[in-house]
Every structure is written in C-alpha cells, then in structure tokens.
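These are the structures in question, set out in turn.
Note that chain A is present in both complexes that follow, paired respectively with chain B and with chain C.
Here is the complex of A and B:
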C-alpha cells in the first residue's frame, strides 16, 4: 500500500536559493552555542554545588578535602567511563559491580595466597575484567540477549564467583607494594586521581578520535545504519562490554588498594553510582549520546554530595535521597532542553527554519 | 430521497511539498462494495486515514447518514461504526481470539457483547476459518489473522468498513470464501464497504463500483459491470512525468560489471538473477511487498539466511555481510533514510566517514577530522549539498540533502555498483530532479545503478532497462518504448498475460 510522504520540514513555497544563502551564513554560529550550552549545564551545576557546600562549611573547599573528594570519586569515575561507552551503544552493564568485586578478590588471593607479584596480579585482574566483560558482549550479540537481562544474569554469576573464590571470606594483608601502586601520592596528587585522568584522556581519544569510537556512536545512534554501512556491529558491542569489564576490574583493584583488603562484595555499591555518574554527565540510555568529561563531572558531583553531607552532619541515610534527586533532576533538565512540551514549541519553530529544502 | 451512507465532499489534504488529495468526492451507499483503486502514492492511504479520523482534511467534509462531521477523531469514527481493517492485522498475538475481538471495550460493554462475539465468530467460520474463541492468536496463520481482522471490523454495529488489501496473505480458495461472506454481510446488514486491493480479479468479482484515484483526485468512477480490468488500469496510470531526461544514457556495448545470480531472501524471494552494465540504470518496478527491497538486501547480505552469488567485473566476490559487499564496491542506499541511511545526531562528515576503515586516519590509530571533513566537503560541493556546512548534524538537513549525504558515504570510496531503494521517498520535487541528476552522473562515471522505486515516472525517466517484480519473481523485462506506465503496471499487477498476447 502507498504511504503518504511526510517530509518534516516546510519549505516548499520558498525560493530555495535565498533560504540556502541565509542558512549558509548563519548555520555555524547557530549550532555551536546550543551544543556547548547543553554540555555546560552540568559544569555549572558542579560549580554551584561546590560553592554551596563551601559556603555552608568552611572545611569543604580546603585542598585536603577536595583531594578526599577526588579520591572517593575515582572508583565511580573509572567504572563510569566504561559504562559511558556501553550506554552510548544503547546498552547497559549491570555486571560492573560484581566484576569489580570478583577481580579484586582474585587479584588479592593471587598475591596473598599464591605469592604472585603485585604487578602480575594487577595485570591478571585487568585481564579477568576484560574477559568477564567480553563474555557479556558475546551473550548480547551472539545469543541476542537484551543487555539488561544478559548483565543481570552475569551480575549474579560474577558475584557468586567472587564468593566461591574465598568461600565468602575477605582477603586481608594485601602486599604493601600493591597498595603503593594504586593508593599513594605523586607530588601530593593521589595516584588514583592521576589514573582517572590518564584513563579519561585515553577514553576520550578512543571515543572521539578513532574509527572505533565513531562506530560506537553510530551503533548507538542507528544500529541498522551502522550495519548497512559495513560496521561490524557485533564486534563493536563485544569490545564495548569488554572495555567496561576491564575498567570495572581496574576500579575493583583501586578499591582493594584503598581499603588494604579485598571484600567479596566491595564492588556492588558502585554499580548504581557509576551508572548515575554517566547519566548525570549526559549519557543517554537510548544510545548515541554520552560524554567522557560529563561522566567525570558526574562522579565528582556524587563524591561532593557524599562528602559535603557528612561535613554538614547530615545523617548518612539522607545521602541516598539526595543522590537520587540529583540523578532525576539532571536527566529531567537534559530532557527538558530537548523535548518538554512547553519548550518544544519554541525549539520546533527554530528547527523548522533550520531545515532547508533540497 | 435518503441521504447516502457516506459522502466525502471536496476533500483536500496536503503534506509539506506534496498534495496528497485534491478535491475528492465520493459516495457510498448502504450495502455497497466500492473498490478504491490507484497506484502507490495516489492517495488511498490518506483517504482511509481521513475516513478513520486519524488525519484531518485541509478542506472538505465527511458526511455520514446525512450529518456533517466536523471534528472527526478516531474515537468518534469508531463510535459512528467506521472501521478500518489495515493491511497489517492490528491484533495482539498474546491474547485469545475472543479477547482480541473485545479489545478496547470497557468491562460493561464486554458483558453486553456476547451476541456480537458469536456473530463475529460465525462470520470467520463462514469465511472458511473456524476459530476457537479461547485459542490464542499466536498460533494462527497470517490468513486466519486477516480473516479475524475482517470479522472484527464487520462486527459491533459497523456501518462503514474499509478493508485495506485484506487478502494478501490468503490462498486462492480462501479468498473466495472471504469475499463471498463479505458480500453477504454487506447486503444483509447494509454495511458499506470500501475495498482496497491490487488484485484485479478480486476487484472485478467483489465490488459493485470502482473509484480510481490518480494524483490525489478521483479520475474514474463507474459501476463494475460497465468496466474492465484494462479500463481500470488505464485510468490508474498516466501520472504527470517530471521534466527529467537522462543526459547520459548507457553506451550500447558497455561491459557487464555487476552480476548477481540465484539471489534468495528468507522472506520468500525466489532465486533471482540480475546483470548490469557499466553506465546502465536498471529499474525494478513492482507493487509494495513484491520483494524488491528484500532482493537488494539479499545482494548485500543485510539479513541472515540470504543466499546468492555476486560477480564484479566478472570476478566472483565472497559476500557474507554488508561489510564484504561494501569492500567489493557495492553501495546500498536504503529506503528509510533516517533510520537506515544516517546517524542523525552526528555531523554530516561523520556520516560520510561511516563507510571508512582507516582511510581518514592521521597519526597512527587516530582519525583526522580534517581529512574526514575535506572528503565530505568535496562530495558536498560536487552534489551542491545545502547548507554546504558538513559540520551540521545530519538531522538538520532536508530530505533531499540528507539523501545526498547518504550517497556521499559511497562516492568517496571506489564504488562500482549503486543499489537505490526508493531514492526520492520524502523528497520534494526540486530535490528529486537533483537526485536524478546525481544518479545519471554516477552512471555516466561508469557505475552500474539499480533503482527500486514505486514512483513509476521516476523509474521510466531514469532507467535504461526495467524489470518488473511480482511475488518475489521477475515477471518481465522492458526496454525502449516498452518502458511505459501501462505495461509496467499491467505486469506488476499480473493482468498482462490475459489481456495482451
């Protein structure tokens, strides 16, 4: 049956030439600011939150406290970086917390019980995270499981594995060298923070400056388009989950170094906060959108809230409420800039002018 | 005199750039079966949508039982007994037959609906499909589902029923039972039926009257007794040709550079073969659903389960995925530009680079945006992309310019074969000519071009040769003067053999 053709723009009556020339002249300045504004919102929010806490408590903005915030945000940031890639492809990874626990317990066991050198244990942990993540990717692409279901399943499996390794017992007395690698200071800057910076820079390059990164965005934007353009969509997805698993593993190792021990479920609290960091930072669960810097800021905001509320002697039970509110508000604002009915009318008028007849 | 059951007066409806309906007048009496005929894009869907209340006409009015309906919403349409049975059965597979019949009714209405349910089930049974009320729809065949949809539309005090291609999934002997029952219901209950079908023998046997739409106007109205299949088809075709003529028709002795053989697709494309020469534009015409898109997708192996052999320049190429086909020099420009051709939220240049591996890399593994932008700008300049700014997101371009971006994904590569699926869908008239010129230029540069289109004037003005597809097979090939609307439509609808010998 025939379908009426419904081009979304209305420019049939205008003389194309004149419209086009206007468009050519104005196109650039018109798009740039809107893009930046959206990304800017989160930075402004971060600054505002820091200033408010700073005003409420004099100790908040001291160098020592800011360093504490950065350290406490580092695990969320590392895991959140991987989540950002996954979310950009339109997926979700619920297994990151379990992978962090599993990797932490395995590496610690290797060092404490098997006497493996800290460096090798570190590499083994990273490799284990990568394999766990890749397995998620294989389940999702080859068995066609929805990402939510596949990683819900492996979340439980990897957590179970972590318990099995030590029969549920924590591993104490992690070698000093290992702790030194991930929980010390270089020129007053915590290693974990340097690690976050390096990983974030690499992730940014990977996402924005490689073919792989462009394929990740294309896969999330329109999987069919990517597939028909010759992108090996399955490989992209497996790689993204492997990356997420690997970074979760790194996160797990940082946790071990920080508390000097491996707990069997040390990673689980980071699942939701890492996803929240990515989402606050502008990652869209529908796919196609996400920002590395945004995720870092998201993690910082969550770290600042936890820290600030403690300084203000707010009972820790309230922390979760505030965290939840921040997630809801951040996403609502992001959506609002795109499509709340009230704001839609205005932006639609604009976009209609923007489109030009062929 | 009693007012007719349904009267459409001066209905007009425009979409941006397209006038879908223009001054349509139409009457339907009680118990009458009226066929609505017309090519793809003649305005049938729009007319049904207005009747069902889902589109509001720009001008004109819908008059039911002599009462003018001003704001006719889908809800009001249903309350008035106006039912539309769509081509794709609108039923919920997880529910039972009975639950589907009751869908959308409140619990109070449901209690009163027992008689209607029995009636509907009896109707389905008489059509030749005895169904168990408690059986889940999941286990039903497509034909049974269609029959259920028809019976549902006719039940619950229906006054006006539109059946849109109701028999596509049915076998010959089932169709007869269905049509007989439809006629009986129309006559005994006084239901007015609007029947949309491309199957001419059905149209001739079931209808009392035929209305032919062409270019959004009623071109021909007559009692079925006073007409013939040929007359109906003649009145369907003859749309205005665009003022476009190929500047560079194929050179007569050009070599065959593309050859696909034994191509099959899991949805039922029979083994098909097609060759194309350098500089040739091969059109593939046919009705929607005849398997044209599937044929193209099978060539590039976009769907699992496709088979076939592809030769480029006489050499066999191993193609197992769109990636292999891309690397073999085959481009596929799909029908759904926004979902299959572009990533809307990234810049035009990133879309153009989507078909690249390392070609735009700068330092080591890092891409060079400058190279991507330069390649995109070069293509944009050649195709006069407007606006010419390739940093804009793909979303911000109009239909025709989006299509240029999709084409640019392939022109920077060494692409020898271009497969176009509905190249100008949703493109306005000025944009169409530009796309045609691009296709002509691609052929002139030595590529082979295959164009699937439902727009007959488009196929006719572009193609050196036209293949017509019907039910997953090529049924005819046309060249020269034989490329005309009448012969293409006759073959697409399967009435050529019996009328031309």
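Here is the complex of A and C:
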C-alpha cells in the first residue's frame, strides 16, 4: 500500500462522505451517456451478425443451434467476466487459460484418482483458481510487477503445474455426477448457460451496486486519485485478480464437464478469446471502462462467428481472419463513437500527472 | 472483498447441485437411446477387427445416393497428416456421388472448439458423422446424440473411443511400435543399444506406440532400450534429446522416433555427430519429407500410416452402415514399412 511517487497523504484525513460525493459527481455525467450509446452499438452489431447468418443458412436460427452457440460461448463468457474486472482496473490477466487447465486437471485428478466427491472437487477447483489469481494480484501489487509481466510469468508457471500434476497425461473417466452438474439441461436450458447468467448477475451487482465495484472503477480511472481518496488500491487489485482466477477456474471445470476429460492444455485457447470477448464488449485496456453485459454479448458474437462460419463451410484459417477483423472493427467503432476521447483523456491526464509529481 | 464472489459462486454451485434432480443429460430430457433394432449400434460388431481389404472383398463396393451427406470433423489442417486424411475422405465421397463437408479446427489444443463444430455439423443434418477427436472422450456427447438418432459414427485414426456403436478406422498403434522394433532387429542381427524419442505423454498414439516398441524390443534378447524420452512431437526438442543421448551412449545402434517430424530432428543430430548411415533411424507416419530423407539415405525407414486410405475407408464404412450391412468395430488400416527398397513407389503424398 505504498505509492512511492506520491506525497505522503493519510487517507484517513479525508472525509469519506465528500470523497464519495466527489466521485459520484465526476463519474456519473461523464461516463453514463457514452456508455449507453456504445453499448447499444454492440447489441445492434450482435443482432446484425445473427440476422446475416440466419439469412445465409436456414439452420442457424433454429433453437438447437442457438442453444449450441450459447453453450460454446459460456466458457468465454465466464472467463471474460473476470477479465472485465481486471481490465477495468487497467490491468490484464494472461494466466486465465493456464489457470483453467490447472484447475481442471487438479479437480479431475482429485475425483478420479483420490475419490473425492464431485462437489468437493468442484469447490477445491474454485478455491485453487482463487489462490492462483490472488497470487497474481500479490505479485502485481507487492512486487510492483506490471500486470502483463506478472501474469505472463504465472501463465507459464500454472501451465507447467498442470503438466506436472499428471505428467502431461489427460484424465479420463470423470465421474458422471460431475459432468451432470455442469453439462446437463434444466427444462431444455443448458446448466452452463444458467451458470453464466447467475455469475453475470452477481458480477453486475458487485461492479455497479457495491463500494467494492466503485473502488474497482475508481482504481482504473486514476490509481493516484483513487488512492488519495482513500481507496485501498492494492487490496482492490488483489481481489480483482483473485476473482479473475476463480472465474477462470470455473471455466476450466465447465471445460472438463463438456469434454468428459481433463486435458493439460484445454484452457489455453480461451486466453485470447476471453480477452477479445471483454474488449468487443467495450472494456478499455487503458482502464476505467468495462461492462458485464458487453462481455456477454462479446462472447456471444465470437460464438456466433465460429458457429455461423462453420455452417457456411468456411475453413478455420479464414475463420481466424474474420474473428480478428471483428475485434478490430468493434474496438474501432467504439473509439469512433466517442470521437477518440481516450486519447484526449490520456494526454490530459498525463499533463495533470506531471503537475502533481512536479 | 473477495469473500463476496466466492460465497456467491458457492451458492450458485449449491443451487446447481440442488437442481440436479431436475437435470437431464440431453436437452430433450431423458429419452433413452436404447431399444433401436435397426440402428447403427446393432450393426457394429464391437469385438471384431478386420483389415480393410478383406472387408471390401466381403461387403462389396459401397453405393451412395445423392441425398446422403457425410460430415467429417477433422483436426488442424496445419498438420499435413490430417490434410491427407481429408483428401481421402473427400475424394471417395466425390467418387461415390455423395455430399460431403469437412470441419477443421485451429490447432491441437482446440478441444472444445472441435466439440462446438461437431455439434454445428450434427445440427446441419448429416447422414453419418466421421471424426478424428483430439481428446479421446471429447466428442462423446455428440457421438451419443448421433447414435441415438441412428446416425452412424466413424472414428478416423488415433483416439479410439469407448462409445459403443462407433466404428474405428485406423491402424493399431501398438503394432506400429512393434513393427519398428522388429524392423530394427532384422537390420541388427548382432543386436545392440537402441533409443526411443517419444511424443507428447498425453497422446494415446505416443503411449501405444511406445508400449508396442518396448514389447517388440523385449522379444529380441540382444537388443537393449538404453534411453527413452519425450520430445512432445517437437523437431527441435528431438534434435537436442537425440544429441544428448548420443553423447551419453556413443554406441547407440538405432533410434526409433514416434513420428517423422521428430525423426527429422534426430537425423540432424546424427549428422552432426558424423554418424549418418552408421546409426539406424526409423520414424513413424510416412510424411513426404521423411521419404525424401530415406531416398537421400539420412533416414533408414518409416512405419507409414495410410491416412488417405483411412479417409476413404471411413466413407465406405459409413455407406455400408447406412445400407444396413454389418461392419466390425475396428476396420484395420495397417501401417507398413517404407525404406530404401520401396520408397520409389510413393513419390508424392501419402497412401
């Protein structure tokens, strides 16, 4: 909790009430209107993509296919929710894919080789994800490592751990009860999709209706200001990375249930797609911005692209090109709709910062 | 602060468990998949294993109709092996006049991507499903759904599954390892030290080829396996490992590499020690580059698989099942040795 470049202020000197009022006063009018405008853009884009695929292939908009799209988007959505929090604080979490693999292989090993009950193995997996994520947060805050570097390192560490657990071998014969818990249907609705809905609702409440959420947004807006306003920036960051790790773990468990096995690298493809989901949904890698609903729509768009391009018989190499283009276009539209305010804000902040430190 | 999300997820998990009673494994509920009389499950004789040539001789040429559509869910086409597998599938389907579509994935870790694509394929309506699963159990849910709808399921190469009613078309990976050991034994009548370069420890191909090779070496009392390490299918890593093995055991007489890509690395390591021609090198797969090395004398032999034949045999098996003919659970497409004696017969592609 030390910020060496800043003058020593005691957070307790500030009156917390006035701080909150200040935050509200500055945050609301500046961010809300642009957010809504941009959010609308993403929903329109999603609807357009779904309609285009629906026109090109009659099978696309059938209930069965839409359900499959929702399932295929679920892991990206779950991991993307955690990434959204991290990105809002101005950080990045490159370890999510490895954590998903690590948690999956550990939980499966517990069930298959140690005979742990599926429910306990599930909890153990979630706890492991939380610990892995919290460790990222500690590296970033206490060792002052940039998030990119810290999580680049732990990405490799956790992936290595995943290999070590079973010596690289996959774990098969995952108990049916476990598969049933995460990969079944309630009244025709996949459990994974229900799980996404529940987690997203909780994340939204956490971000928009709690002091913690305010602190996350404040930290991303300007770390210095947040710290000066009495926000315990380090604690907020550790909590955010722990949340990201935990959700990555949940994603890893869903993968295990979907493929009836734990593979040592099953989570790795989700790193970039989960970040892409958050970014398409309007999360700003510079921090301060990100939306829960946006991330869900981002994941759905990616799921629809994969599915739709398959139905149209587009080879997977072209599919990657299209997916990349969608990410670039989505972010470009995002910036365009705001008249490139990010650049202006950043340059203004930089000049302000100089004044403060000087 | 992090107590809130943790507690919340626990509640969610508990809720999920509480709802277990209301769950079903399929979206339509628990409609059984048993009790079908004429479905593909009853036509597949799981216990038998028949070579493709015998099968074609007994069942006759398969016939296709224009409304039949075959779907093949393959792996990454950046590995040319799966490209040949697809070529065989598409050429045979075209020849027999049936519709076909191939679904490929990004890379070898795209396990859930493959699952999603298999589901998309099944939703589109396929008369039969052919697949090369990356993870042995990864596509089981799709296979079960397909079989419940009386759609035949054919697995092409590598991950021989456990879902009853599926047909496996491919070689026996253990026999491949054994063939390599027997070939080396024949070339080394006086025996000697041998070494093995293994593939990824998680791959069933690596496990079975290794097991077969070890069993094969054990049959010949004058041969000893002095070193065996994994290079995870990686050429550079294989070169480093082979180089270290030759340093530790300069009298190694032969190397067996579990695929040809790694064998190319071993070949470079042997050349760097000026031992080309003095140390035998047997690879696996029969990729075109390995055949060039065999022609140049830098590699001794390769245990060649027949991906193009497998792809075509998969089409045949699917059409036989659709015509109501009985098909064995394992259609054997055996691997065979390619060395300097017969390499000239395979100038391009893979058989």
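The rule is simple: the second predicted complex is superposed on the first by the 303 of 358 C-alpha atoms of A that agree within 3 Å, B and C clash if a C-alpha of one lies under 4 Å from a C-alpha of the other, contacts with A are read in each partner's own complex, and residues count from 1 in each chain.
One rule holds for everything that comes next: a contact is a pair of C-beta atoms (placed from the backbone, for glycine too) under 8 Å apart; a residue touches a chain by one contact, two chains touch by 3 or more.
As the structure is a prediction and not an experimental result, all values here were calculated from the model.
In the superposed model, A:62 makes contact with chain C only, not with chain B. In the superposed pair of complexes, A:146 makes contact with neither chain B nor chain C. Between chain B and chain C, C touches the greater number of residues of chain A. In the superposed pair of complexes, A:268 makes contact with chain C only, with no contact to chain B. By the touch criterion defined above, A:289 reaches chain B but does not reach chain C. Of the two partner chains placed by superposition, only chain B is touched by A:225; chain C is not.
By the document's definition of touching, of the two partners only chain C reaches A:260; chain B does not. Applying the stated contact rule after C-alpha superposition, one finds that A:210 touches each of chain B and chain C.
In the superposition on the C-alpha atoms of chain A, the part of chain A touched by chain B in one complex and by chain C in the other spans residues 210. Contact residues of chain A toward chain C in the complex are 59, 62, 64-65, 67-68, 71-72, 75, 119, 122-123, 126-127, 130, 134, 166-170, 172, 177, 180-188, 190-191, 194-195, 198-199, 202-203, 206, 210, 212, 235-236, 238-239, 242-243, 246, 250, 255, 258-261, 263-266, 268-269, 303, 306-307, 310-311, 313, 315-317, 320. By the touch rule above, chain C contacts chain A in their complex via residues 1-2, 4-6, 8-10, 12-13, 15-17, 19-20, 22-29, 76-77, 101, 103-107, 109-113, 115-117, 119-121, 123-125, 135-138, 140-141, 200-202, 230, 232.
Per the touch definition, chain A reaches chain B in the complex via residues 1-12, 16, 20, 23-24, 27-28, 31, 205, 209-211, 214-215, 217-218, 221-222, 224-232, 288-289, 351, 354-358. Here chain B touches chain A in the complex through residues 15-18, 20, 38-46, 49, 87, 164-165, 196, 288, 300, 302, 321-323, 325-327, 332, 334, 339-346, 350, 353-358, 361, 365-367, 369, 386-389, 391-393, 396-401, 403-404, 409, 425-428, 430-431, 434-435, 454, going by the rule given at the top.
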